[in-house]
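Pasting the structures in now, so scroll down.
Both complexes shown next keep chain A, but they swap its partner, so chain B is in the first and chain C is in the second.
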Partner chain A sequence: MSEQFIARGPTLAYRMLGGETIIMSAGDSTLFSLDEVGSFIWQKADGRTLDSIAADICEEYDVTPEVARRDAEEFVAALVSRGLLVLSQEQPVREKS
Partner chain B sequence: MSSSAAVAVQASEIHPAPASATIEIGGTAIRFCPDRTGFADAIVPRYAAFLNNQARPRYEFEVSLRTAAAPADAEPRLSRSGSIWSIERGDLQADWDVRSHRGHARQEFSAYSTDALLRIVHTLLLVEEGGFLLHASSVARNGRAFLFAGISGAGKTTISRLAPRGAILLSDEISYVRAGKNGYCAHGTPFTSFDLQPRAENISAPLGGVYLLEKGPENRIDAVDESTAARSLLRNVLFFTKDAGFVNHLFEAALEFVSRIPVRKLIFTPEERVWDMIR
Partner chain C sequence: MSLFQDLNEKAFYLGVPLSAHLDLTYRCNERCDHCYLDHDDKGEMTTAEIFGLLDQLANAGVLMLTFSGGEPFLRRDLFEIIARARALTFNVKLKTNAVMIREAQAKRLRELGVNKVQISVYSHRPEVHDAITRVPGSLKRTIGAIRFLRSQGLNVTLANVLMRYNVHDGPEVQKLARELDAKYTLDPTITPMMNGDTSVLSLRIARDDLANVVRNPDLVGDVDQFCAPPSPQDETAMDDVPCSAGHTSCYISPYGDVYPCVQFPLPCGNVRRERFIDIWKNSAPMNEVRSIRLRDLPTCSTCAHGGTCTRCPGLAYMEGNMRGPSSADCEKSFVRTGIVTAGMKAKNAGPLIGLVQIAAAPAVGAGGTA
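What follows is the complex of A and B.
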């Protein structure tokens, strides 16, 4: 995963609300919600690599690089398995944040 | 053969044209023009309060009545190709053009099929106006409407039927929410369980609030945060389609709604005095 680029899925509706992110999958209208740290990673998932996201987590939270990377990797894998994040070998065009 | 005899033969071959029926919900009229007589009579019991043949229809459907090819409770499949929407369900096939505002429905001789088509067409029309249909009962009282949302068995019908004298039932199952210049309004709908007597009235009222229902040992209102309100509302919004653009619109409409309308949790016991708390 470390060499891959991480981006949000193409058919999702989402919005930050009260410290969490609510995501709806258009495919089956399934709802997901992410907590504060999950929302932070979600915002960063705009075509960056896992290493880049882990570095951002270290800057924002009091956490070691190893823990940040491990947590980010588990989180990204969980969202990829649900179709909310996608991995690609080529860097997608970055969204304007 | 005399000329009068010839006229008599022709007259016997003239049948009355099947009567069309225009069903107006939320101020939006949809006209059904069936190919056989008796259609209007068949749907009158369900839609009596919502029939308005004088209304100018926003959509007009030719209706071909037939025997169902599959059970009516099959999941509807809704799709879009260009300006044409299509729905396929066991008892109903229909397509309509959003440009010409005309469509064709092939359906059973039953209000059940008509109901499905109405719910879907209204959902698609409402989302353009920041509105939606919601699994909720709704009641107008003292000039304001209140919605009661919840899963099946949460008490939607119960609370609407406990409403005090003077309250007007808008819906005991599917509520109709539309955004307007001056806020949101709830409109009456004929969408109710087929085993219930239709009681809803065709009126509208400014929306006063939404209550998320939960049966409990006491009557109590709890605050809910905006994200909980949004998630609860989205679970009860009628979607029908996987069209990404449409889902996005509906998602945004629901979130806009919870940012403007108070949403609370209502824990209640089935007794009339619960209505003292609803304001």
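What follows is the complex of A and C.
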């Protein structure tokens, strides 16, 4: 995953609501909710790499680079498995967050 | 509690308009008998104005956005508007008669990530559907469009408004929906026109036909549960709000007028003169709607159906009092349960009081002159 670029799924709808991110899938309108840290990673997932996101987490929160990277990797993998984030080998055009 | 209920409660608590309905035009290529709109263009918002509005709606927290009309495909900039809405990550639903949708349009809607397309179908019989729309061949065009949309994998719902003409066609339209692999929704409520004209109400279905609708398990699920008498009034229900209108949802006309709901024509402001968020937060009419709880409804708070009724405050407003009963919903509650509503009793009491007064006057006069 470290060499891949991470981006939000193109068919999703999402909005911040009271510190959480609410995500709605286009096909079946399934809802997902992300807490504050999840929302932070979600905002950063605009075509960056995992290392870049982990560095951003370290800047924002008081965690070691190892912990930031491990947690980000687990989180990104969970969202990829649900179709909310997509991985690509080529850097996508940065979208508006 | 489902995540959707949780989301709505949170939006309610935070005062966020989670959903908005934006009519892009009142122009239409059909002339449906029951339609509540006039179809003249009285100065629709421009593309740039709509883009600016979409930015404002996104910033206000709107997630679910419905584009409707009139017929939205009569806007030449429809796809530009949808593209802009999707770039702002709205969940987009489109309400249309679909007669202008061919393969290319269906493909474009799928590419743009439109979530749902709701299409008006009044009957499975062309002679009935086309008579209601007053456009020969419209059913054929609409069904063709549904096939194009489904072939693209888009979610399609057939919306079946029931009137006197087509009330018995509901099951066949439902069957048609199944054949087309689409969802089906039915609406037995005909609303007055936005200008207050109530002549279209004569199209409403008869009570016996409404009874058949509410006792159809294909439509309501568990009939015994759906038609059960209301439970004794729970005091906590007195703090309930009637619906989401003005709390987590709103309606915006093609001219920028903001209302609590598409069925609630109470003017709250215009986005051409004020920012949407200022109207949403500070408009006196919007705040008045927001302040109303069941306990504030003089008639409905005394009604056995109070906590379970689907009372529409917009229909009540169109009958003259947003705190009053809505006769269409009284009718539904009565037909569903067999229990007369407080609104029906009050309505019946009206002429009765008049008769007493008329009868009393000569008696007093007779006594006085004797």
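We take it that the second predicted complex is superposed on the first by the 95 of 97 C-alpha atoms of A that agree within 3 Å, B and C clash if a C-alpha of one lies under 4 Å from a C-alpha of the other, contacts with A are read in each partner's own complex, and residues count from 1 in each chain.
Here is the rule we use: a contact is a pair of C-beta atoms (placed from the backbone, for glycine too) under 8 Å apart; a residue touches a chain by one contact, two chains touch by 3 or more.
In this text, all values refer to a predicted model and were calculated from it rather than measured experimentally.
Overlay on chain A: chain B and chain C clash in the combined arrangement. Once chain A of one complex is fitted onto chain A of the other, the partner contacts of A:Thr11 extend to both chain B and chain C. In the superposition on chain A, A:Ser33 makes contact with both chain B and chain C.
By the touch criterion defined above, A:Met24 reaches both chain B and chain C.
On chain A, the surface touched by chain B in one complex and the surface touched by chain C in the other have residues 10-11, 13, 15, 17-18, 20, 22, 24, 26-27, 29, 31, 33 in common. The residues of chain C lying in touch with chain A in their complex are 3-4, 6-7, 10-11, 13-14, 16, 18, 58, 61-64, 87-92, 113-116, 153, 155. The touching residues of chain A, counted against chain B in their complex, run 10-11, 13, 15, 17-20, 22, 24, 26-29, 31, 33. Those residues of chain A that touch chain C in the shared complex are 10-18, 20, 22, 24, 26-27, 29, 31-33, 96. The residues of chain B lying in touch with chain A in their complex are 225-227, 230-231, 234-235, 239, 242-244, 247-248, 251-252, 255.
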